[in-house]
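Letters A, B, C, D and E mark the chains in the order given here, with residues in each chain numbered from 1 onward.
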Amino acid sequence: MTTTAPVEATTDPPDPVAAQGPLGSALTLALGIAALLALAATYALGLALPDTVEQGGYARLIAIHPGLAWASYVAFGVTALASAAWLVPRTRRISWDHLAGASAEVGVVFTGLTLLTGSIWGRPTWGVWWVWDARLTLSALMLAIYLGYLALRRVPSDPEVRASRAAVVALGAVLIIPINHFAVQWWRTLHQGRSLAQLTPENDLDASFIGAMAVGFLAMTLVYAWLTVHRVRVARLEDADAEASLQVAIVERRAEAAR
Amino acid sequence: MWRDALLVAGKDLRIEGRSRVALNQVLPFAVLVLVLFAFALDPDRGVLERAAAGLYWVAVLFSALLAVQRSQAVESGDGTADALRLSGLDPAGVFLGKAGAVALQLLVLEALLGVGVVVLYGVAPAGLGLLVVTALAATAGLAAAGTLYGVIAAGLRVRETLLPLLLLPVLAPVLIAATRASETALSGVSSGVPAGSWLALLVTFAMVYLGFGVVAFGPLLEDA
Amino acid sequence: MWRDALLVAGKDLRIEGRSRVALNQVLPFAVLVLVLFAFALDPDRGVLERAAAGLYWVAVLFSALLAVQRSQAVESGDGTADALRLSGLDPAGVFLGKAGAVALQLLVLEALLGVGVVVLYGVAPAGLGLLVVTALAATAGLAAAGTLYGVIAAGLRVRETLLPLLLLPVLAPVLIAATRASETALSGVSSGVPAGSWLALLVTFAMVYLGFGVVAFGPLLEDA
Amino acid sequence: MDPAVRLRSAVCLLGRFPALSGIDLDVRRGEVVAVEGPNGAGKTTLLRALAGLVPVTGGVAEVLGVDLRTARRKVRPRVALLSQAGGLYDELTVADNLRFWARAAGRSMAAVEEAMAELGLDGRLADVAAGRLSTGQRRRVALAALVTRDSELWLLDEPHAGLDAAGRDLVDALVLGAARRGATVVLVSHELERAAALSVRTVSIVGGRTVLGATPAAPLPRPSDQEAAGVA
Amino acid sequence: MDPAVRLRSAVCLLGRFPALSGIDLDVRRGEVVAVEGPNGAGKTTLLRALAGLVPVTGGVAEVLGVDLRTARRKVRPRVALLSQAGGLYDELTVADNLRFWARAAGRSMAAVEEAMAELGLDGRLADVAAGRLSTGQRRRVALAALVTRDSELWLLDEPHAGLDAAGRDLVDALVLGAARRGATVVLVSHELERAAALSVRTVSIVGGRTVLGATPAAPLPRPSDQEAAGVA
């Protein structure tokens, strides 16, 4: 006779998402639709923008580029918050780690797009695709940092341990955001100043541009949220799957005794 | 905690005393980096004099990386990680101890390297006091952050490659701040305010990472 | 010899395939180095436009260092060194195999890193050809010298620290030559002669170290 | 007083692999228990779990009254583990290694000297770098560290492996001595006779779960059985 | 035909330390010889010297007719050494490891399959990364590599260590099998009975020198003694 004691669940109980359909819950669906609408709005507004003297049609990139950049800030900010939540014993849930990872992945994509659009924009404005300007360099640095963060996450190890390690790194990494944001003040840069900060009645920055920037930012943030939510869902599904396969593995392992 | 810190630091320094890695390898490496970049930057164009401080701190940065890598390699003997966890040593103590040992080695290295720079690039250290303070603050930061990230990469089989990737960007601010501060010191232009703020940045950085390490080292060391 | 080379290279690439170190860690590291140096050199002073090629190759150099370190770490499992010596594999083959694996990884890295440079600086096709040739020659040299010195440092407990020390000065010429050659390619100034001679230097370097490695690897690997 | 060890269908994951798939084990204070099983059965993992080094993710698991699932770190300072890896700093001499670990655990230097003498590490070896030692000599140093550390619960992973005849007898003496001082000992070994001679009973592990008795078919112990084993 | 091993007061330095201070050893082709001695006596060093891995700096030393002092590299491809360290790439799976070493030695993949089956490494373990294996499982993989490599002279360093009961019997079978196929076997072990049962004679090493027979005082063998030992 062998030990018949039941093997208890070995991690958090598999959560509801496992049950949902491919599109996730109604909420994620709504989020997706909102994101798409906002994107459309951005597009419209962007096209509506007038050409500017010095930049011609390229000025319209203002509808996309800053939004992307800010959305990536949001993404990495969320990663940091989730990481903190993991490190605090009372709020320690593995789903915080999922969120941190997912958010960072999306953030990296957005950072990449920021660099891309920025370069495209730079060509006509500065005559070159790239300059070693503080803002640009720091943005590239931001990309590298979070690539490193993701690399750490990819190294196989115990989930909890990895979560702790990644969390610490994420908290260190987030410092790049304020640095990048204020870079335009600390270093002389070719790049735009913090236009919103400089926004004053007598500042002649066209309201329509501000509007486009705002809407673009909203859209990008929604898209970010949408992608992240789904990435988290996938992570959870993977866990649920692992959970299931684990029970099988345990049975197999116990069966070794039979041989 | 302090007792444990001393114990660990003593152990690391004793190992250094026996193996002389910092002295025989890290120091020459630092000199090397200095010279190499001097080349990469192409002396003809008179970039050097202006970039001296930057180069110095880049060299220190890479040496710090090596020192940290070494300080982790020391712990990578098989079973030592477990033994450390079972030892009952206070993780905060371990952190401070290892960071302290690294810092000490770095300080010596910086001193020697500093002399080298003065000779090599013929820069005259005007604000020596400022330089020293800068070095102290920067070193504390480098050692603290380095040790913290060191233990993150430790135990992973990919230590050699992962650690630089994680650590370098974190140390970048130190690089910049230290460079700026020392430039002011070197050029002797007593526009004290900027130098002061860079210094402040260095100190806060050190403080933050020391505190962070003391708190976070526990989970990192013990869960792993 | 060639059979053994393929076998060893295959083994190393398979390990890379499983651990993805070069892709997930060395590549981001290269970007990092690029950016960090840009900073050490201080954006304000417009040093950078001129130093672009140098930066690129410094980044490649350090990545090569990491790649070599990794390629040796792979061999550092306990007993593998002995097993390799007893295996009957032709040392020259082992050398070529490991160098080949490193070179391949570096080439991919350079390509990815280079696309950026090429696009950003709008290189003329003529220059492009020159760049590619430069890259090939430089990489061969880096991989050959790297692997040779890698095995010298291998097995010593101080691998992490010793290897950079040994390797960097050796690779310095590559750094300079590659930088100069690519500068010509980038600036498009078809003053072909200098570029040509730098290229010649790179090729000879690669040749020398490949030959040297094939000959010297035996003693190094087997006596160790 | 609560038992030294109490496991009920305890589960341990290494990566995704259930190295322990349901261990049941009761060890009373002061008992010497031998654990045996085929390679890869999970013996080392079991010891590491008992030492609080690997998380227990399922079942019930208590060591020295501490719940491993909620507070495994608390047991660490209270156990003495002889792992298959030595846990020595290769660059430090034998003496320095032992002194360091002793100080860390708050033991006296006198205890170190004693242990070194007991294991024949005084004399030449004391000042040899640990990295240069032979396999068996390393094991001896690890044993010396264990003896200096001494604690309520000894967890020994193949303590006889790599030791010469004299060393093996020494290990036996150490185990019996510890037991006499009231310590609990869990002893993993492939040398069944030796282990059996030292212990009150032998626990068999296969496929990450307990299969008490020599034959996999043996039933789980009811308290009465254990009493029997205890006095046997 | 020249003997498999012929050592006359052979000396080996590890760093400055004379790990072998004067070894005398004769092993005829096809003989199975057991080597025993206290920890640190120099057994491992002896095997490594015979494999041509560490230089012999004094005395006479011939293996398979090759002079170790002038051409030790020549013996390397001709011996099969089971070292205490496994010699596996942790990142590669068990199967990949074995295939790599087999190809390196020019052995067939069929031989690999065979060896894996023989040592129970087919099935799940074949695709596990070697770094995740348990001690005994690593030893089994090393043994599988040894079996695939198969050669004139087997040098086994504590082949039984870390293996479960079944594994130990398997080792005995392998040794006897090799001997039957005419291979020479030098076998270091601390398990004297087992070793004695496998071998025609036991060589004792203490302090880096041969001390034939049980007592250190025993005289060096004259040829006649060896004949005796050989047929015993």
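The criterion applied here is as follows: a residue touches a chain if its C-beta (ideal position, glycine included) is under 8 Å from a C-beta of that chain, and two chains touch if they have at least 3 such contacts.
Quick caveat, the model's predicted, so the values are computed rather than measured.
*Asks:* Tell me, please, which chain's centre (mean of its C-alpha atoms) is farthest from the centre of chain E?
*Replies:* A
*Asks:* Pick out whichever of the two, A-B or B-E, is joined by more C-beta pairs in contact.
*Replies:* A-B
*Asks:* Whole-Å distance, chain A centre to chain E centre, using C-alpha means?
*Replies:* Chain centres of chain A and chain E, defined by C-alpha means, are spaced 57 Å apart.
*Asks:* Whole-Å distance, chain C centre to chain D centre, using C-alpha means?
*Replies:* Chain centres of chain C and chain D, defined by C-alpha means, are spaced 48 Å apart.
*Asks:* In whole angstrom, what separates the CA-based centres of chain D and chain E?
*Replies:* A distance of 30 Å separates the two centres.
*Asks:* For chain D, give me the residues that contact two or more of the other chains.
*Replies:* 15, 17, 84, 90-91
*Asks:* Any chance you could list the residues of chain C touching two or more other chains?
*Replies:* In chain C, 19, 25, 28-29, 32, 36, 39, 41, 157 touch at least two other chains.
*Asks:* Chain A: which residues touch two or more other chains?
*Replies:* Within chain A, the residues that touch at least two other chains are 141, 144-145, 148, 151, 158, 160.
*Asks:* Would you pull the chain D residues touching chain A in the complex into a rising list?
*Replies:* That would be residues 8-9, 11, 13, 15-19, 21-22, 24, 41, 55, 57-59, 206-211, 216-217, 219-220 of chain D.
*Asks:* For a test of understanding, state which residues of chain B touch chain D in their complex under the given definition.
*Replies:* For this pair, the touching residues of chain B are 4, 7, 11, 14-15, 18-19, 74, 77-80, 82-83, 85-89, 222.
*Asks:* Provide the residue numbers of chain A that touch chain B in the complex, in ascending order.
*Replies:* Within the complex, chain A contacts chain B at residues 87, 141, 144-145, 148-149, 151-152, 155, 157-158, 160-161, 164-165, 168-169, 171-173, 175-176, 179.
*Asks:* Show which residues of chain A lie in contact with chain D when the two form their complex.
*Replies:* 1-3, 5-11, 156, 158, 160, 242, 245-246, 249-250, 253-257
*Asks:* Where on chain D does chain E make contact in their complex?
*Replies:* The touching residues are 14-15, 17, 36-40, 44, 84, 125, 132-137, 139-140, 158, 161-168, 190, 192.
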